[in-house]
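Chain lettering (A, B and C) follows the sequence in which the chains are written, and residue indices restart at 1 in each chain.
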Amino acid sequence: MSDVALSRGSWLERGIGALGLGRANVNLSIGAAIVLGWALVALLAPWIAPYDPIAHNLPEKLQVPNLLHPFGTDNFGRDILSRVMHGARIDLQMGIIGVLFPFTIGTTVGAIAGYAGGWVDNLLMRVVDVVLAFPFLVLMLAIIAILGPGLMSFYIALALVGWVSYARLVRAQVLVLKTSDFVTAARSLGFGRFRILFRHVVPNCIAGSIVFSMSDVVLVVLSGSSISYLGLGVQPPTAEWGVMIAEGQNFITTAWWITTFPGFAIVFMAFGFSMLADGLAERFGLRRR
Amino acid sequence: MHRYSFVLYRPLQLIPVLFGISVLSFVLVKSIPGDPVRLLLGTKATPEAVARIRALYGLDEPLIAQYLYYLKNLGLGEMGQSILYKMPVLPLIADRVAPTLFLVIGAVLLTLLIAVPLASIAALKRGGAADHAIRGFTTAGLGFPAFWLGIMLIILFSVKLGLFPVSGYGDTVLERLHHMILPCLTVALALSGVVTRNLRASMIQELASDHATAARAKGLPESWVFRRHVLPNSLIPTINLLAINIGWLIGGSVVVETVFSLPGMGQLLVRSIFTRDYMVVQGVTLVFACATVLLNFVADLLTVAADPRVKL
Amino acid sequence: MSLLSVRNLSIAAGARTLVEEVDLDLAEGEVLGLVGESGSGKTITCRALMRLLPAGELSIASGSIELRGRDLAKVSEPDMRKVRGVEIGMIFQNPNSHLDPVMRVGEQIAESVRFHEGASPQDARDRAIELLRQVGIPDPARRVGAFPHEFSGGMRQRAMIAVALACRPKILIADEPTTALDVTVQAQVLRLLLDLRDRLGLAIVLVTHNLGVVAQTCDTLAVMYAGRVMERGPKRDLLRTPAHPYTEALLKCQPGSANPAEPLPAIPGQPPSPSAFPDGCRFHPRCPRAAILCQQQRPALRAISAERVAACHFAGVS
């Protein structure tokens, strides 16, 4: 019963595979393409954006999307398309930096907790439990309340709160790996604990964390734009997608385009990272369709 | 009945977490910039009031003692004063619980209402056009910001179609239901991506399971097998999933309350941050944390009720 | 007179044929043992009898399954549903996974009765209690409300039998019903099956790879290998004087049949995979009596006595 013909995948997979990539990883291809696309837009925005994102241009205000302004203009006459492009710089940066600190901190804490075991592990995991008892956004807001609004406060709050998921993930994997043969072999060679942990065990756990970090980027971008929407993150007049949506909410009856396009940008970027996460998971053999 | 015995032990198990929550809250309170007396008192800072406050909170004593005073005050329901509203924090929060509760419960119900049919179609017609469309929706859905979704819904249903009010909470029960549909729908749409995805995977697994095959071998039609065997078994992991996402659910409702100007705890939180009404901020944060712990407990109760094999 | 007649049944996975030209007969009250190694096609065959092959993967390519004048291979799906559970019941190897873990056992029995016979919940429940008693579960009135995980392994298998017999089918297909049980419980379940045969006139198709089980319970045996029936006939004759070299080899491999001082013999080689069935007789690469003829020409299943058939060029020749 097991020798039934292997499924040949959907027409999309076969199509992309026909491009010479073997049985293609659709998610990875599409995800990487979208993310790279946004990275390019972000990098090149100052040069390819048709208008200045901040300068007021009142005669042109509140224009419906047209040939000159494909996404329309807002109440200050600023071109929405240019603002969306410049916004990519901020939001992409938020996603990447916002993941980097929790990733590093969380991996370190999780690795130590898992490897050391005993009271160290217990204590660290209690801390994790307590942080997790608070709803993520609420805790972020409470910390930002103390630090004052702004992008920097956002990153600090994220570093204080966001490491928790990585710690759990890495700890679970380290617990499994710590009893494996190659670790025993390293210990018998007299290698120090830190060396074994960070040069041998952790690299073997990293795949799961990397996949998770891709979906985490989505969460960070969503949180960051939400907090900016609330007025507690990036401040106007900086063109950030959440800020733009907040500003546009005042005009939804007359100029729907001000809120709509930045939102689509968020969705599109998040979609790219989600696909990338799924694709990497497939690639690393961590998940099956 | 001893499957439910964990109800007795759970409060004991929760003590460390609750303790940790109180410590973290205390740390947050102590981190607030500015004069703590002014913070706790508001503006009416007469010398007698100042002395009373210093005694009540042990402000002249070492940090550990201050924590114990903090705990004692919490136990008495004493959480400081709101500078903006000029009233104690706890009653202020209590006033705002209803809209938030309404929003969260409504969102969960709508999520299930959306996710169950979509996941069923995707699982039953696996590999087909509908399945691909639904899976695309769930992947894309992970990236929809709740606040933007809310505004889009307002544009479509309130502005263009005039079916629902743009914002506010309403006065009578019927009005409230009308006002709450879009906000609940917003949170539900944001959450349903993850839930649909997981439910679909569960259903696919259950459809191919041995007991489903045995049910078919009894001559039961596919619809019966699905309804009475596949669906109940698939929903059990979903309860767990919703429990894991409680924090996310609450965070989403905080933002949605701002979008729709709902007078709930979330809006109170945001407003208090802007007005530097710090004691309110800490109070709301603490209440939300306790609510999360409570909701997780409720989820465990539901799991035990739904799955006869589970013993916690 | 045959209750169930299978003629020339072939089952295919796309272009590849997995089971070919299977002929079986089942009389009322007869216990037919369907024996073979894993991969011999016996499980697929019994699934085919119930038309429970995974759609899209496997299908009945040709042949007929006659039951009371109807060809089950050709009836519509709604008609087949009236057969499942009502005329043919099925029990499976693993009672843990084949019972719904979140539905009470009594309810799982009553379900069929309510669906097929339109019985009221109370009547269906009474039938469930009666069935639990018939399969030997103590205190059935209380057990009817229990969940599967509250039963022991042997009791779960009995419960599964009760579920299969809820609508009083005349035929029971038992797919390796004792394989997952310990030896003492195995004996109890087998005794129960024979008991039910005596009391209810039940005909049973017992699928197993265990010749010991077959020796105790069956009236007739059909031996399958690589998707084909190699030999069929009354149990006693087959076990005493096997006509097919494969049957002979299987018997030699049973613990207890050989000299205890010598190592247990095994049939050399592996059963072939369906993508690479040998030419001619499918057993010839492993057969001690193989000749050139065996590779060139596939032996047909032919009668070697009044009640026995075998597919071997040298059948009956010792």
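The rule is simple: a contact is a pair of C-beta atoms (placed from the backbone, for glycine too) under 8 Å apart; a residue touches a chain by one contact, two chains touch by 3 or more.
This is a predicted model, so every value here is computed, not measured.
Both chain A and chain C are touched by B.
Here A-B and B-C were compared by C-beta pairs in contact; the pair with more is A-B. Each chain gets a centre from the mean of its Cα atoms; for chain A and chain C, those two points are 55 Å apart.
The distance from the centre of chain A to the centre of chain B, with each centre set as the mean of the Cα atoms, comes to 23 Å.
For the pair chain B and chain C, the distance between mean C-alpha positions equals 53 Å. With touch defined as above, chain C holds no residue shared between interfaces to two or more other chains. Counting partner chains per residue, chain B has no residue touching two or more of them. Those residues of chain A that touch chain B in the shared complex are 10, 126-127, 129-139, 141-146, 215, 218, 222-223, 225-226, 229-232, 242, 245, 248-249, 252-253, 256, 259-260, 262-263, 266-271, 273-275, 278.
Note for the complex: chain B touches chain C at residues 209-211, 213-221, 224, 228-229, 232-233, 236, 306-309.
Every residue of chain B that touches chain A in the complex is listed here, in rising order: 16-17, 20-21, 23-24, 28, 31-33, 127, 132, 139-140, 142-149, 151-152, 154-155, 159, 246-248, 250-252, 254-255, 258-259, 269-270, 272-274, 276, 278, 281-282, 284-285, 288-289, 292-293. Residue ranges on chain C touching chain B, taken from their complex, read 50, 52, 81-86, 89-90, 92, 94, 97-103, 111-112, 115-116, 147, 149, 160, 163-164, 166-167.
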